[in-house]
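Below you'll find a set of structures to go through.
Here come two complexes built around chain A, the first alongside chain B, the second alongside chain C.
So, the complex of A and B:
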């Protein structure tokens, strides 16, 4: 039996539409992207005298003397970081002409568990700050109290270099 | 997203890869950044120079016939490296009015004994070469030294011999110390 041309064309169109409809259903898709931001902390210091704190009164062995203001912040909260306070001369102010150093005790007045009081830096002092809020500065002063020594000081400059390092604790 | 069958297959592979990567990122904790340090912060103070040299007495009178020596306390203090100079005016005890150069009846020779108790920070006696006869003092003596640790005290002694022949009267000399921080 021979179908009229118009009927044959209609059947062919129907088959194409069916094929097209099937192809469209199998191409549905979506994209997802995500990333991670590492924990990080920042730290800086400021001295009244510029980049060096030169204002210690060496003959004063009873007053707590302010040196630098140390400011830190972390980009997370609640969990801890580690702060490490170290001295180049193991807790002594030294003068190249004097083989005896001038010992001191250090204090850091920073909050959120970052501070400590009256410690020698003969070895590193470690604290574990727990930031309350991400990306908010916490400041404190590094204070020194010079200790007595039996021998008089020599003329000249007695100095030390203190480094404070902050490290985020791994989650 | 819609497309041809072939494109759709490629996109599904890409989505699977992204999902795998995203899944890994979500499952693993975010890494921590390295430690951050300050400065270091240089803290310091400066001690001023303190330097002095002095005799305990400015004038001493002694009977030359009854004694053969006279002592005077001396104090040396310098908290920096220093130069110490010593000098006497005449190098002998001169008769105040009748002194004549070369006339032994008008002067009394002497020797200075410098104290060994003046110690610098290295544990070394300061200026042992200052123990010398009067003419050396008159010519001037000079040493450099490490700092002292605090004030150092000692006794300088002037010694002279018998004086049976010298003319009666007053005999004098003047001693001076000069200390300068280097």
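So, the complex of A and C:
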């Protein structure tokens, strides 16, 4: 079909206008950056007498005696962690010259569900602290109460090592 | 001539008449040469395209410069193009509020460098975005620039931190 010249000119102008409209074209895109900060807890202890915690009075079998201050914190809140209290000598103060050892009961006075009271460390004691606030210290004392025994003690140094571990629970 | 033969001659005569009429109606051949030049022009608009890298993982606890991928772009001309960067969170990685992070959103500001150009903290809108002019050395040829970020302070509360970076390019 043959169009009149005026119609052909009109079509050509329309094509040029359409191309001109695209002269400011641009393109856009996006991407995500992300990273996770893992849950973590930390623990420290403070002994009044340096790196060896406060000496106990061996002949006091009725008083709860403070040893170390244990401080912990986690970088999250509300959800739980696991605290593990264990004894190198399974809950006994040991003197190399004394085969029996001296048993004790342990207490931890820390708050936010981290504490326990009057437990032997013959096996691990486990607590499940739930920190109220991220990155805020919670402190408590490790207290020992020495137990009576019928046999006399031997001269020398009675000692034990208590290890406290805190581990965040998986979300 | 018999009566029966007359109608046949009449039919022949009508047919010849039609042939004659047809020959008269045919166009006469041109008697002089002529031509018209028709100028046809069009314009291909300048355009550029940009492709963001895939999603990138960062360490929210690190203060080091962290690469976050390479942006590729191409234009259909030689010259310059303006590349803009902005982000959903205005140049911050954010961990949304949750009970485990204390109930408040956690954020960390980062600065951005694109292909050696320091863009500072990104804004959260295209019209206030950071801009860098890219030299287009060859048409229809891919070029790219590496992007990196650096946190101004490390995240300290556990959680998932993220932001979305937008990029566009204009001729």
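Of note:
Quick note on the criterion: the second predicted complex is superposed on the first by the 144 of 171 C-alpha atoms of A that agree within 3 Å, B and C clash if a C-alpha of one lies under 4 Å from a C-alpha of the other, contacts with A are read in each partner's own complex, and residues count from 1 in each chain.
We adopt the following convention: contacts are C-beta pairs under 8 Å (C-beta built on N, C-alpha and C of every residue); 3 or more make two chains touch, one makes a residue touch a chain.
Quick caveat: nothing in here was measured; it's all calculated off a predicted structure.
Ranking chain B and chain C by residues of chain A touched puts B first. By the touch criterion defined above, A:123 reaches neither chain B nor chain C.
Once the two complexes are overlaid on the shared chain, A:79 sits against chain C while remaining clear of chain B. When the two structures are aligned on the shared chain, A:47 is found in touch with chain B, with no touch to chain C. In the superposition on chain A, A:152 makes contact with chain B only, while chain C stays out of contact range.
Legend: residue contacts after superposition of the two complexes on their common chain; A:70 is shown touching chain B, with no touch to chain C.
In the superposition on chain A, A:171 contacts both chain B and chain C.
Touch criterion met: A:135 reaches chain C, while chain B stays clear of it. In the superposed model, A:57 makes contact with chain B only, not with chain C.
Contacts of chain A with chain B, set against its contacts with chain C after fitting on chain A, overlap at residues 23-24, 26-40, 168, 171.
Those residues of chain B lying in contact with chain A across their complex are 1-5, 7-8, 11-12, 14-15, 18-19, 22, 25-26, 28-50, 79-81, 121, 147, 149-150, 181.
Residues 23-24, 26-45, 47, 51-59, 67-68, 70, 84, 88, 93, 95, 97-98, 142, 144, 151-171 of chain A are the ones that touch chain B when the two sit in their complex. Contacts from chain C toward chain A in the complex involve residues 40-61, 68-69, 71, 73, 93, 95, 99-102, 149, 155-171. Of all the residues in chain A, the ones that touch chain C in their complex are 12, 15-16, 19-20, 22-40, 74-79, 133-135, 168, 171.
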